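Structures incoming, each one as structure tokens.
Here come two complexes built around chain A, the first alongside chain B, the second alongside chain C.
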Partner chain A sequence: MKGRKINPKRFEIGQLKIILLILPLVIFMGMPIIFILNHAFKPMEELFAFPPTFFVKNATLENFSKLIKFSDSSGIPLSRYLFNSLIVTAVTVGLALLLTTMSAFALAKIKFKGRNMLAKINQVAIMFVSTAVLIPRYLVICKLGLIDNLLAHILPLVAMPVALFLVKQFVEQVPDSLLEAAYMDGATDLDIYLKVIMPMIRPAVATAAILVFQQVWTNMETSSYFFSDDSMKTLTFYMNTLVNANNTVAGQGMAAAASLIMFLPNLILFIILQNKVMNTMANSGIK
Partner chain B sequence: MAEMTKKMTRKEKKELRERMKHLKSGKLEKRYARMGYIFMIPWFIGAAVFLAYPLGSSFWYALNNIRITPLGRIFNFVGHGNFTQILIEDPDFMIYLVDYLTSTVISVPIIVVFALLIAMMLNMKIKGKGFFRLIFFLPVIIVSGPILGMLNSQGAGSVSAIDTAALSGAIGSVLPELIAKPISDVFGNMITTLWYSGVQILIFLSGLQKIDKSMYEAAKIDGGSGWECFWKITLPNLRSMILLNTIYTVVFVSNNSDNPIIVLIKNSMFSGTKEKGYGYASAMAWLYSIVVLILVGLFALLLATRKDQYEKQVKRAIKARKKEKRNKKRIERRNRRNAKRIEQQRAKGRITSHTTKRDDY
Partner chain C sequence: MEAQANTAQTAAMPAKKRRKNKISRRENNWRGWLFIGPYALIFSVFILVPVVLAVILSFTNFNAIQFPKFVGFLNYITILTNDAEFMKYVLPNTIIYAVVVGIGGYILSFILAWALCNLTKPVRTVFALILYSPSMTTGVAMTVLWKVIFSGDQAGLLNSWLMELGVITEPILWLTDARYLLPIVIIIGLWSSMGIGFLSMIAGILNTDASLYEAASIDGITNRFQEMIYITIPQMKPQMLFAAVMAIVGAFQNGMISSMLVGNPSPGYASQLLVNHIEDYGFLRYEMGYAAAISVVLLLIVQLFSKGANALLTEKDPYGKAKSKPVKVQTEGKVIK
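Showing the complex of A and B:
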């Protein structure tokens, strides 16, 4: 269990210089997060204070209660959007990870005709501006009859070229001799995929999971272009319309609260996954 | 095996190849390839329907002038008309493109080096590593999404502590305007630039932890300093990660929804004027992605993993041996030619034969 011992148990004097180096950068990078946290709890007069204050003085939950009240007044309850978002995100992340790791394994380790061409197609797809394929995508969705179907949220994002590229790069670093040893012992390709490749690239999978999650969670394009039924749209879209529709003085507080709500799931997911990302690395056996 | 192929003449080799054509590939190989297809199929279907088909049709759209009317889409084939119009007539595209290129070329190395430094610091033994890691990764979550726009509008994206105006003035006095402006722009958006480095830090960290610890120990025993260890062990081992990160950064910076070119494409897509519209936007997107592709290619060329030293030396030795052999053959041929000539001369009786003995010297 080498991997569990990444963090030293005690504080030592020798660590001081590293902490001194990192601390300014940490403050620098952490500022926006603190800002978001504080902003959501600011009462009205502090939101517009000049010069803008960083920390909240009289914290209130006023913004949140306003948000809830507003969403109650509209026809569709907030929970409906939340449900849509959760389902869509869970299914998309699961499917995308499965497809990505499978095809990354095939692209990196199995020899077959057209392998290089597929990898090149993927690379071109990474470079391409996604907004430019919006209308063809819409036509595809139309032809498949998926308008106003939750699948329209999921399918366009399942094949994600960036994630495939990332995972493929990691799979390539798994030594061939390891796979050969497994083949010698009678492992099938499926065994190799499940028992050799997957445990070894877990950090890459976790990274890809975070990437895909964030892409899906903050995605508004599908909601605004493929859906006309309001009850099928996602939470992100709703929050965004909320912010835009109330882009007045009174709406600012709600916007701040909404952005905190949108930000929290990402934070929680990363806290859960980050230990996986780092600790599996040390004992993965990749040399 | 190697000697066998050497002895074969060209004709024999050709025959062998002909014979090999009729042989089928082994069962194992076939099964292997089949598994490859099976693993690829799900992704391939998704990619074909939602990536490849839209990509292909957008290329077709780029060659057309498209107007969306109540009766449907009206296609009007214009060939390269959209492209020439963008390159020659569009007032914004070229300016944005040049801006984008300069700022990317400057900011990508900054992001990658910054990520490497942070990753190395996070890889050292300190307490509270998880917390630091969290802080450095979190911006990734913020960068994509509506929050960034809000923060930018409130001026959180620039460093107020560094006086940007003074800095750009100072840079401007040393360098010509053309170079100075992008540099000071990059400094002005320092926080946003550094926010982009979360994923890169993660990738570098995983690369760093894969490096064998015993290499550092061996280097230390031989008296290598930390500085030397960095250049001779860390960097060479991270080379593929650096390439990966650079490509990722370029792609991320280029396809960010805040990028002015993306905004331009989006605007012209939904613009109602006669010349613009969807075909025009597609053409613009294609031009832009070709530029990005070239940029990535340049970076990749710069950082491509070279073969390691041992292989290089083996190759060099083989080359030298071949050259030697060639020389030897040439000398032999020349000697033979000379001998023949001497024979001829002798036959004509121009050279009186005489022999030299070893003792004469």
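Showing the complex of A and C:
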């Protein structure tokens, strides 16, 4: 029978053809990820084995303990960088979600002067390439006196046009009749935002959280350019200097452990929230 | 006019309880601004102002110490006529990279998205996760990973495999040989190009109208390829456009791969892209006015490409218009129409 083939419910022989066709690509894309997972647990002799091995044989946590020991011997302990990173990430994601959902509510459901213009500006800003304006951003941070202030990690990454765009598209799907009924019952804007909008847009909030998290967690620019005080820099930055500075034998193992530490949170968060992300992406179209 | 009259009325009758049942009330502009204000402020300070500053700086000579000196269009003229590296390496590299990773990655992500949508949900979810995960592998994880794979001695993963297969007899210095740098950066770029644009396309395809596929098969559409061209794509143009914008931004932003892998400037400028050139002038040579001019050029190029994608994907299409339907969203058990 011909007809709908998109999103089939059951497995059919015809699908095998497609699986076989894309399997090489899936393997090519997935292999490096498997490699990161394996590499971090390799003991010294496997890291430098000849011929080099892909999979780990005798998994060990040696690299991780070395990483911790090494940072203890340097001036600033690992825990300090970890603390910076956790604070910065938590505050940025929290603040970004708050501001993004509030503006999404305003752009989608409140009619006010300048709304269309703001939506348009934000849509253009999706194409904004942040590395292109690193220098002016640096000047702004200087003028605001935020050099070596934790806020310099946070504020530049709070406004994320893509996240606002996706959340706004999702809020637009909330039926007006529902909001009107709530207004009739005497609800204020704040009530509507907290009790009607927020519970209904959880998938979009999850998606925005992932996007902001990925940006903050892996961000190195703020540490490199807005901070001279090493104790205020983030884990990402420390891991990066570690990887670049230690081309020694011991450094390789630490680098492998560092790469896993930086990658894993992204992966876990996405696996947990992937259903919600897909749900949000259904409304991602630009019309 | 009507809005003004309305305002006057409400002002004249303060005792009368304001109508609360209308979402759209013009007289309450502040309500909207109250909610969008904080975001707008941060957006202005860290996105809008820097862009404006970049434009202003691009007309000056600025070394980060002395006050900027106005030089007119000199920086732009220099880019076009006097920057040998830019014309010889940076521009061609950027174009090649953008075409292969931007357009190639875009087509690849569409084909993969479409293939995944022809599979059952469990298989699709696993495959989508695998394909998406490289786009999360930025910074340190990416550097370590590819440095090990492309390591120049015989203990490097790729060298060892190729020697075992007998393709090469001597290890290749992947990351110092100018011939291989751009292709390597392109491969890594492609590898990490299945980002949220890719997810958007999957969602777009999954949301296409089921009845149309049946109708099409009656109308004589026989294979999946025809189905894709005539049914699927016209229905998911908004998602295609979103993905296109993401692909364009990614293609120009991702130049950092090269800096992280081989440093800046890359050996022989072999994998120097626009973003690296900005970094080179701005933070290594401290010619910030000139760097700003390159930034402006970069932002303009991205805008231009996006405009092109826009024109291509929002053409007046009678089929697309007629067939568009509200997307149903499942949220926490409630159905939003």
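Observations on the structure shown:
The rule we apply is simple: the second predicted complex is superposed on the first by the 218 of 287 C-alpha atoms of A that agree within 3 Å, B and C clash if a C-alpha of one lies under 4 Å from a C-alpha of the other, contacts with A are read in each partner's own complex, and residues count from 1 in each chain.
What we mean here is this: contacts are C-beta pairs under 8 Å (C-beta built on N, C-alpha and C of every residue); 3 or more make two chains touch, one makes a residue touch a chain.
Since the model is a prediction, treat every value here as computed from it, not as a measurement.
Once chain A of one complex is fitted onto chain A of the other, the partner contacts of A:Leu86 are absent, as it touches neither chain B nor chain C. Look at A:Asp176: by the touch rule set out above, it reaches chain C but stays clear of chain B. In the superposition on chain A, contact of A:Pro199 is made with chain C only, not with chain B.
After overlaying the two complexes on the shared chain, residue contacts for A:Gly186 are found with chain C alone; chain B is out of touch. In the superposed pair of complexes, A:Ile76 makes contact with neither chain B nor chain C. Using the contact criterion defined above for the overlaid structures, shared-chain residue A:Leu134 touches chain B and also reaches chain C. Judged by the touch definition given at the top, the superposed model places A:Gly30 against both chain B and chain C. Contacts of chain A with chain B, set against its contacts with chain C after fitting on chain A, overlap at residues 6-8, 10-11, 15, 18-19, 21-22, 25-26, 28-30, 32-33, 35-36, 52, 99-100, 102-103, 105-107, 110-113, 115, 118, 122, 124-137, 139-140, 155-156, 158-159, 161-162, 164, 170, 173, 189, 193, 203, 211, 214, 218, 236, 239-240, 243, 255, 259, 262-263, 266-267, 270-271, 274, 277-278, 281-282, 284, 286-287. On the chain A side of its complex with chain C, the touching residues are 2-11, 15, 18-19, 21-22, 25-26, 28-30, 32-33, 35-36, 39, 48, 50-52, 54, 99-100, 102-103, 105-107, 109-115, 118, 122, 124-137, 139-140, 144, 155-156, 158-159, 161-162, 164, 170, 173-176, 179-180, 183-184, 186, 189, 193, 199-203, 211, 214, 218, 220, 225, 236, 239-240, 243-244, 255-256, 258-260, 262-263, 266-267, 270-271, 274, 277-279, 281-287. Every residue of chain A that touches chain B in the complex is listed here, in rising order: 6-8, 10-11, 15, 18-19, 21-22, 25-26, 28-33, 35-36, 52, 98-100, 102-103, 105-107, 110-113, 115, 118, 121-122, 124-137, 139-140, 155-156, 158-159, 161-162, 164-166, 169-170, 173, 189, 193, 203-204, 207, 210-211, 214-215, 218, 236, 239-240, 243, 255, 259, 262-263, 266-267, 270-271, 274-275, 277-278, 281-282, 284, 286-287. Across the complex, chain A is touched by residues 29, 32-37, 39-40, 42-44, 46-47, 49-55, 57-58, 61, 118, 121-122, 124-130, 132-142, 144-147, 150-151, 154, 156, 191, 194-195, 199, 202-203, 205-206, 209-210, 212, 240, 244, 247-248, 251, 254-255, 257, 262, 265-266, 269, 278, 281-282, 284-286, 288-289, 292-293, 296 of chain B. Chain C makes touch with chain A in their complex at residues 20-26, 28-36, 38-40, 42-43, 45-47, 49-54, 57, 108, 112, 115-121, 123, 125, 127-134, 136-141, 143-146, 148-149, 154-157, 160, 164, 191, 194, 196, 199-200, 202-208, 210, 213-214, 217, 222, 224, 227, 232, 236-239, 241-242, 245-246, 248-249, 252-253, 255-256, 275, 278-279, 282-283, 288, 291-292, 295, 298-299, 302-303, 306, 310, 314, 327, 329-332, 334, 336-337.
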